[in-house]
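Chains here go by letter, A, B, C, D, E and F, matching the order in which they are written, and residues are numbered from 1 within each.
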Amino acid sequence: MSQKTEKLIDKKGLRLDGRKPDELRPIKIEVGILSNADGSAYIEQGKNKILAAVYGPKELHPKHMALPDRMVLRCRYHMAPFSVQERKSPAPSRREIELSKVIREAIEPAIFVEYYPRTAIDVFVEVLQADGSTRCASITAASLALADAGIPMRDLVVACSAGKVDDTIVLDLMDTEDKVGSADVPVAFMPNLGVVTLLQMDGILTQEEFENAINLAIEGCKKIYTLQKEALRAKYISVKEVEE
Amino acid sequence: MSQKTEKLIDKKGLRLDGRKPDELRPIKIEVGILSNADGSAYIEQGKNKILAAVYGPKELHPKHMALPDRMVLRCRYHMAPFSVQERKSPAPSRREIELSKVIREAIEPAIFVEYYPRTAIDVFVEVLQADGSTRCASITAASLALADAGIPMRDLVVACSAGKVDDTIVLDLMDTEDKVGSADVPVAFMPNLGVVTLLQMDGILTQEEFENAINLAIEGCKKIYTLQKEALRAKYISVKEVEE
Amino acid sequence: MSQKTEKLIDKKGLRLDGRKPDELRPIKIEVGILSNADGSAYIEQGKNKILAAVYGPKELHPKHMALPDRMVLRCRYHMAPFSVQERKSPAPSRREIELSKVIREAIEPAIFVEYYPRTAIDVFVEVLQADGSTRCASITAASLALADAGIPMRDLVVACSAGKVDDTIVLDLMDTEDKVGSADVPVAFMPNLGVVTLLQMDGILTQEEFENAINLAIEGCKKIYTLQKEALRAKYISVKEVEE
Amino acid sequence: MSTIVVRVKQKQIAQLIDKGKRLDGRGLNDYREIKIEQGIIEKAEGSARVLLGKTEVMAGVKIETGEPFPDTPNEGVLTVNAELVPLASPTFEPGPPDENSIELARVVDRGIRESKAIDTEKLCIEPGKKVFVVFVDVYVLNHDGNLIDASALAALAALLNTKMTNYEIEDGEVKFKPGYTELPVRKHPIAVTFAKINDKLVVDPWLDEEQIMDARITITVDDDGNICAVQKGGSGYFTPKQIFDAAQIAREKADELRKKLGW
Amino acid sequence: MSTIVVRVKQKQIAQLIDKGKRLDGRGLNDYREIKIEQGIIEKAEGSARVLLGKTEVMAGVKIETGEPFPDTPNEGVLTVNAELVPLASPTFEPGPPDENSIELARVVDRGIRESKAIDTEKLCIEPGKKVFVVFVDVYVLNHDGNLIDASALAALAALLNTKMTNYEIEDGEVKFKPGYTELPVRKHPIAVTFAKINDKLVVDPWLDEEQIMDARITITVDDDGNICAVQKGGSGYFTPKQIFDAAQIAREKADELRKKLGW
Amino acid sequence: MSTIVVRVKQKQIAQLIDKGKRLDGRGLNDYREIKIEQGIIEKAEGSARVLLGKTEVMAGVKIETGEPFPDTPNEGVLTVNAELVPLASPTFEPGPPDENSIELARVVDRGIRESKAIDTEKLCIEPGKKVFVVFVDVYVLNHDGNLIDASALAALAALLNTKMTNYEIEDGEVKFKPGYTELPVRKHPIAVTFAKINDKLVVDPWLDEEQIMDARITITVDDDGNICAVQKGGSGYFTPKQIFDAAQIAREKADELRKKLGW
């Protein structure tokens, strides 16, 4: 987060891409689009284009890594070399390793890990194009891929960022807002339980701004949750149509 | 392959090193020259100097990599740092990794892999000096090392390149012809069965030139095959002499 | 070792830090200072600050690495990035890998490795600040950490360097003497048995100088051995005091 | 699927091929349906997504400045990389490129390079010092067989879609200007892969066919019907006649595909 | 300890926390004893050793010259690295940084960076070309829980202890001169970590608490009481209220620590 | 060989050494037959192949230009690397250098470096900026014991065989001219390795001896009879007297070898 003089909110209170402060970017979600994966989902959120796939539950190698009372959840968040302005080396960066960890920890609370002892589930996220708040869109897609794979879950996990740009708390940061704004607060949420499973922040916020940002992000999560469920239903309906 | 103005074939139709288009470079082959390996062979072809060694059949670690109905053939093609004009880093390059694969796949058709289930054979090729068409000379040597190790084989595999330089189809490309010529076609062959086990090509050839190049390479293979068998016989004779 | 014009011994026969040729640097040793390790020791020798820790005997993974008739001793010598003038990358250097090996081989003769078949012991050495002869101080600390972990040993191993600076054989080289002097001879010693377990040398020495240097280093070892035993006793006493 | 079901299916595939038929209804020399979408990654200079049946491959092109190779000081640099990302198949593992992804990248690279598809001399900024480096990243998203042909199509489609920002040289530095120029692509190399099953060759094998094939051969053909790259793979073999026939068919198929795709 | 003893102890810890107490006698929002020693590594430009109970962390600062990032040509560069050295815990393995050490380094880095603790513009030597690079190496020597707070304290203490050799520019080269200047540190970000156990939050968890916690949250606070970095960890969750309360407490604890340490 | 046969043989080796004899008929201080061939790799600036009994080592020298080390701005750079290539022994594995190959390279390096065998000041092109870098690559082709001595011989023989292309400086660039100059090698350090078996020291151990030795010690000696590098290896120990005696013998053997080889 580095502050520059550029105006991120215009006189009408609109953002660089014409959105109001509490407005989400256009979102498109598809479930079950990869034929090899046990479950998969694709999300477009603004210019973000992200694929998530799930393999498992399956046997774990080497075997001494398996847990006797629960499954092991593994997660890889990875960006395609062409997903960002400057070509990214395909080797995992420190940022990708950290995000793989926090995404895994955002998803895990939703899974009944004790149902499948001694097994592993792999969640693979590929960012094909990055446009800010990719970790949130990745979580939204990954939890759909898990549901698509038939993994028993307490709830879908949905994620959305909020942040502060030009003294305004705004929803769902896009790339420039993320880089030039004064704070970024990604939040993952389980709507049924009303709990937060991912929370990070960088920038500078007062206690009040911090609370507002989280509350706004949760509102965003709830809207995206509706889209998640629609996408699942669409998959289910289309599958039924095919079967009939 | 990049075309330059240099003349690769002179007015008399002779090549840079004085060879006729369908002439092999001088070849020297020795079998069984390393005392530790289960089988070994050394080949000089032009300035190529290449060692091949075989270890196995042996147990495979980790065990879950072993196959219940056949042996696993592994192959490493590697160049010494001093084998080429510019010092080569000893870490395997992408080229070496690809060549290891195609060499393995060129040799494997000759081996009765089903005779030794759950085991592994390692083929190690070290290029001590490289002078064009090293993959072919490596295959010629590696199959002798396998024979020297007593691995049951359908036939020896023998390899030779052909290519196009200055509009002429020529046999057994040396370094400059490989780099400056207009096409390179390495071929591995099993003479008894009359089949091709390695084929690659880069450059530009018409259908007719392509067929001619392969046919010429096969003729080269047949000549080298005679040398292979002589080298095996020489080893066998000298071993018998020692024993008597 | 590169010779420069700088004077390393002054007219009074004193060294850069005021020591006489056969004088050790100030040494401070503490045993059992890390709560997680099974054994640990800390040494300051001049500006050297080094921690050693021991974990084990413990099970070995993967299991086929275990030895049926003895334990496996493993050792890692590692320098903190801030321990030297120019920041050192945390990845192990070739020097660190060699030193890990010679330190392990200096310690191993003291351990009754046959008492714990199929197990492993890990010795971890961290150089927090380096000031010449770190491998010697590391061995002195590591053998205390082993004793602190209750590993049965034939004797403590103690180490000290000698060397040649400005035509004089001197004891316990500090950084500048190591770098600018004309020879460095690190020696590890088991006083009870009177045997040398580590010996390296670089520089140029006559046979006589070489013998003198080793003899001087052994004298140094004997002095440090007294400090080692005191440090062990101090730990033992303070533990008893706590227990009482 | 259980192992038994798999075996039965494999037997069926092989038996049908013996009779000149394929389980999915194709003729021996037929490609699966090909769908190509270009320009899908706005942040890349060029991009394309190829569906070859259920095999899905993406390619993205990024252009940076760098140094030329010493032996070609006047030419830009082409770098092809391929990732078998683990979401594409249960057999793909995360980690550095293995021999399969390296072979894939190098075969795609060879087709583009040897056919001189890109006019690399137009990518020179300052001879011997600065040139454009064209990175083609092939990204396999779903593996249902014949990754080579799908990747070669994706790479070429992405290159054909590539726009380079205009620039001028100011004090030895590259300054970008408004406007775009297309990447100078002058050839359209097409890779045609055959699987050998029961001693018969079939074009564009799908995954089930690949699992029972003895060997494969890829023949890449340029716009003039010349062969510009060949790669045999797998632990089987071919007779010379099979190879010559394959080359002939590859030249026909390449021509057919080029027409169909308007290249 | 045997597994059974461990389980009994864990149960005890959880039951006590339920009653607002902790096994080591602390209140829920109490830190363990903090000892800080600065300047212990003379060869480093700055250094500090922090004891947080039995958790021991060292930090060393090295300063080198290097290139600025293209988007901040007038600013020096901060690089934080963390090593979980294997002598600190039976669970730490030698090898390249794993996800835990990377997360640790990045959370510490974020606190320093986002609070703008270092006046990086004063580390510029020649805009766009040469700046000072500040390496902060966090070295965990004994792991008894709450590595983040201990590491953040060690990093800050080392930075506050850092002296830069004076220099002047001569013919575009940096020439060092006698004398030192202190590193321009203008903020004191404090990381405050909470563990959630039995739905209650406790400050500064020790290792036994971490082993039974559902999740943790770290809130880093600057001198003005602003929040400058947050990181949730572990596979559990928090209610929004728990987070807001934690932020409030973190701001108080940070203030308290800053006063106690004289920062 | 079966384990029992191996044990019997090892017992025999040890018993014979006890009586001052060796299984292969050598005296305790005898080297195996040494064969050296130089100039076998025409593409390298220098090369040699050494046979020490059945132990076979190759060394190649390549010379490139590079930067000097900051503390020796007027000197060329020597880099020794050793590869235990897997065809040399069933115990060598492919992969990055392990501790054995690193130790081997560093011991060979130390002998050359500390004896000042190469006049590195003659390898300086432009002080502080450009020097020649001498890469010595030691390549072990067959391991039958005493790799250090064989490698040190191979490295030195390759250096003695090294020819540098003539050059002149034109506008700060190195331009190569016709003709060659020999690498300035002025010393001939010889490494002499002893194995300790049954408390006796034997020179030039072969593999079977190495497998039962308690420890080994290598003493490298320059042309003036000075000791220039020492390395103890293995998990045993030596008495000071054993070391002093070994040094004495090493000086004699080095002298002997140097004469025999005409160095």
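For the reader, a short list of remarks on this structure follows.
Throughout what follows, a residue touches a chain if its C-beta (ideal position, glycine included) is under 8 Å from a C-beta of that chain, and two chains touch if they have at least 3 such contacts.
As the structure is a prediction and not an experimental result, all values here were calculated from the model.
Using the contact threshold fixed earlier, the set of chains in contact with both chain A and chain C is E. Of all the chains, the one whose CA centre sits at the greatest distance from that of chain B is E.
Separating the centre of chain A from that of chain E, both taken as means of CA atoms, is a distance of 27 Å.
Chain C and chain E, compared by their mean Cα positions, are separated by 32 Å. Once the centre of each chain is set as its mean CA position, chain C and chain D turn out to be 58 Å apart.
Computed centre separation for the pair chain D/chain F is 48 angstrom, with centres defined by C-alpha atoms. Residue positions of chain B touching 2 or more other chains: 62.
Within chain E, the positions touching two or more other chains are listed as 97. Per the touch definition, chain C reaches chain F in the complex via residues 1-2, 94-95, 97-98, 100-102, 104-105, 108-109, 185, 190, 193-207, 210-211, 214-215, 218. Partner chain B is touched in their complex by these residues of chain D: 71-72, 97, 99, 102-103, 105-106, 110, 113-115, 215, 217, 222, 225-240, 243-244, 247-248, 251. Put simply, chain C touches chain E in their complex at residues 34-37, 40, 47, 49, 51-53, 55, 76, 78, 80-87, 90-91, 122, 124, 126, 128-131.
Only residues 40-44, 47, 54, 56, 58, 60-62, 64, 81, 83, 85-90, 94, 96-97, 135, 137, 139, 141-144 of chain E touch chain C when the two sit together in their complex.
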